[in-house]
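Please find one structure pasted underneath; my questions will follow.
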Amino acid sequence: MHGSCALLAIARAAVPWKHPGMTARTCFDAAVIGGGVVGLAIARGLARAGLATAILDEGDVARRASRANFALVWVQSKGLGMPAYGAWTARSAALWPRLAEALQQESGLALALRQNGGYTLCLSEEELEARRAAMMRLHNQPGWQPIPWEVQDHAAIARVMPMLGRDVVGGIYCPLDGDVNSLRLFRALHVAATRHGATYLPERQVERIEPLPAGGFRLHSRQGVLEAARIVLAAGLGNARLAPMVGLQAPVRPQRGQVMVTERTAPFLPHPMVTIRQTDEGSVMIGDSKEEAPPDDRTSPGILAVMAQRAQRMFPLLGRLQVIRSWSGLRVMSPDGFPIYDESAEAPGAFLATCHSGVTLAAAHAELLAPMIAAGRLAPELAPFSARRFDVPAAA
Amino acid sequence: MFRRLPEAESRPVIPFTFEGRPAEGRAGDSVAAAVLALGELACRETAISRTPRGPYCLMGVCFDCLMEIDGVPNRQACMVPLAPGMRVARQRGPRQPWP
Amino acid sequence: MTLPARDSYDLVVVGAGPAGMGAVAECAGQGISLLWVDEQPSPGGQIHRGLAAPLSALAGAYQRGLALLSAARAAQAEYLPGATVWQIEPGASLGVSVGGASRLVAARRVILATGALERPMPIPGWTLPGVMTVGGAQTLLKAQGLVPSGRVVLVGTGPLLWLFAAQMLAVGARPALILDTTPAGNARRALRHLPGFLASPYLARGLGLLRRVRRAVPVRRGEHPAIRPRPAGGLLIAWESGEAEADLILLHQGVVPHVHPAQAAGCALAWSEAQACFVPVTDAWGESSIPGIAIAGDGAGIAGAEAAEYGGRIAALQALAALGRIDAATRDARAAPLLAARARWLAGRAFLDALFLPKPAQRQAAPEAIACRCEEVSGAALRQAVRQGATGPNQLKAFLRCGMGPCQGRQCALTVVETIAAERGLSPAAIGPLRARNPIKPVTLAEIAAMPVSEADIAAVLGRR
């Protein structure tokens, strides 16, 4: 397949990129489309496996969930409707310490991984009962690999987090849950991927993918063309448009999530919660809402208000903290909310990876998925994640 | 570092405390101005490296004038009018989550 | 200090400097509901700080401001000092915070007259106590009658620096030194704009002032100063060909529009090559790219106090026409002399822009200087992150947290953009601005919690996981 280099067209960058590692190279063993956490985790793995890897990304302002997320490494609620996703998530969480250590070595950046257990706090008995019932449903699924969890009452939670508000009746605790500094993860993946020899090409929005008759692919962007023997579609929401070009599908839609962050304070929240966490830098993040068909990625005052009201009830002292920023991000949602991992039968060498919880799954992507793609085959355990699950035959 | 013009000196005196010591400002002072008038150029230590900083822009944009005022941490001293009896202290590092 | 009295207004004017005062004054007698807010405790804006009780030595400069203020007062707007607009939505609703409480108000029209900020001057040592901006020192003088004393060194370039030196002299103080950092080639480049300047009212004012200052204060030239603390106390400023001890160092290299409010509202920005900053895109009436939101004064591009007043008046006329209070003919007739007067001031501006523009290296953070004061990020770290793949200010936030501190990027955004541009060999226009979002000023979570909510808002949060 490396022979496809002979077909090279001259790629000329319209926008020059001054980068020491940047060559005029236009032919790669692998090209990853998308420079979010999913694409970078895979690209780092491919580069580490010795493949000459390019990462094609959009520019400074892009629909990049990797910069907007809540940074949880979260297990407790994942997998209702697809036990394989629950297992994959738990495996990723278990692999996370290894990834954090490896990335620290490769990038010199400490990721502040903390996996000391997380909470979902409930503000009424009904809420708590609904959460508990959902956890039971999760666990009663056939084929479910059990994870530890428990319901804790107000007093138990207040023992570990004394600032807890009176309105919290209790919550779900799972010792596997945690969080990480996701911006540092993003940067560490960048550094590690390029240190392993990957070439980062920003401002290269891929417009067309052309599978070559002799194998391999030609990727067209306004800045020129580039060829690769193998490609990975990891373009988040962009995958929906790109997938059909290589005989795949990625029916993903944007779902808007809003987040607020406060000024830094001395540490007072020792555990992450699904909607409130204190970062290692001291600021408190409060999220996140879910809106379908968002018109844009702005924030909206009413939704921030509801989030703020709930957060204040959970920890009344939050009310006095200054909110410094708010933002919204667009989640990458498939019809059932689970990841899509696929390889193309029609255009061999084309892979696709798309998911919502890219931070949680970063370890699985880096340590498990990337080696599979490097070896040229997705393992059978990923079969349930193929988008073919959406091809429901019309009811007869 | 600063001296007050005579005609401003004659404005009404506003007593307050700085770092627990009694001090005086004048009507029309912001907290930052009153503290600078005492000859105190550093009003806080940063939250990250704990290095000293002083008021920089005096117009509410730089957030380098953060101080603890009447027990409330991280207030913008250049935007808070000085009031009689105010307790003003340096902001040292990140604030406590409670006031 | 009180919250806005109503939920909705015909017009909300944000800012009580010359542009805001001009806008409000123009609305006198029109019978519209008008809310006028400013976060400072008294009106006047940056130029007329302390307008309520001007110092006698500076009183001359306040004449025009005082007249304008009484014209604005005649409009009987609901004027709220100490009121911070922390949220602007494109549908023209504004979150207004007063004394720790907030109210959301709807506006049929909004005029943002939020003025300018001093351009960051990211030289080594600019974060040391005892170093502040010329504008900051000027505020202390005007509002509190505090005069810099001891060995005071003024460093930088721009009209305000020279004006402040003259004001110090006028109150009987004297800078020990002015270190003029104006780039060597500027005077030559400014020459072609000279005719406009000669015809503008700036000329007479500027020359006399320069002469007065030069006669009284030693002036040195140096383009790349650095400040460090002296072990024995005090500061030391060093430049290419000399150094000086100082007790207080005042920095200034021009002003740039304060674009955060416009940006949060979604207004388009464009890079101005002449002023080396991002400027909201506006038409001759000051209308932004977002319907119903106009921008007037220095916030729409630096043009000075007089042009700002005219800009405010012009934007108000357009608002009155849009509100149906005056017809287009009346608007045009009233605007004609204002547009002409503004044009005379604008004509002089190009010369000043060219004469005082810091050169790119002075607008970028030196490796050993702090670029982002809040997050304490150095110029070296910034450059390294760019080489690691941060293509613009928004990616850079993710890499370094630049612009994520309490100042929300006001002190670093331009430095960051210019440094990235230089590192990548592109123009700042190609890099684009740092994105600013609501809240444009920090507010407590409790204030956000007090905003009105709808059923859909609740569903969007509770329908979760």
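Order as written gives the chain letters A, B and C; numbering starts at 1 within each chain.
By definition in this document, contacts are C-beta pairs under 8 Å (C-beta built on N, C-alpha and C of every residue); 3 or more make two chains touch, one makes a residue touch a chain.
Everything quoted here is computed from the prediction, not taken from an experiment.
A.B. asks: Comparing the two chain pairs, does B-C have more C-beta contacts than A-C, or is it the other way round?
C.D. replies: More contacting C-beta pairs are found at A-C.
A.B. asks: Taking all protein C-alpha atoms shown, work out their mean, then name the chain whose own C-alpha mean is nearest to it.
C.D. replies: Answer by centroid distance: C.
A.B. asks: Could you tell me the distance, in whole angstrom, between the mean C-alpha positions of chain A and chain B?
C.D. replies: 44
A.B. asks: Counting only Cα atoms for the centres, state how far chain A is from chain C in Å.
C.D. replies: Once rounded, the distance between the two centres reads 39 Å.
A.B. asks: Cα centroid separation between chain B and chain C, in whole Å?
C.D. replies: 23
A.B. asks: Among the residues of chain A, which are close enough to touch at least two other chains?
C.D. replies: Within chain A, the residues that touch at least two other chains are 263, 318, 320-322.
A.B. asks: For chain C, give me the residues that contact two or more of the other chains.
C.D. replies: 405-406
A.B. asks: Touching two or more other chains, which residues of chain B qualify?
C.D. replies: 74
A.B. asks: Looking at the complex, which residues from chain B come into contact with chain A?
C.D. replies: So the residues of chain B in touch with chain A come to 47, 72, 74, 93-99.
A.B. asks: Which of the residues in chain A end up touching chain C in this complex?
C.D. replies: So the residues of chain A in touch with chain C come to 15-20, 35, 59-61, 66-67, 77, 120, 183, 186-187, 190-191, 194, 200, 202-203, 260, 262-263, 274-275, 281, 286, 288-291, 298-312, 318-327.
A.B. asks: Under the touch definition given earlier, write down the residues of chain C that touch chain A in their complex.
C.D. replies: Chain C reaches chain A through residues 87, 89, 93, 95, 104, 266, 385, 387-389, 391-395, 397-399, 401, 404-406, 408, 423-426, 430-432, 435, 437-439, 442-446, 448-454, 456-458, 460-465.
A.B. asks: Using the touch definition from the top, list the residues of chain B that touch chain C in their complex.
C.D. replies: 1-5, 7-9, 11, 26, 28-30, 33, 36-37, 41-43, 46, 48-49, 51-64, 66, 74, 79, 81
A.B. asks: Which bits of chain A are touching chain B when the two form their complex?
C.D. replies: Within the complex, chain A touches chain B at residues 163, 263-266, 268, 282, 317-318, 320-322.
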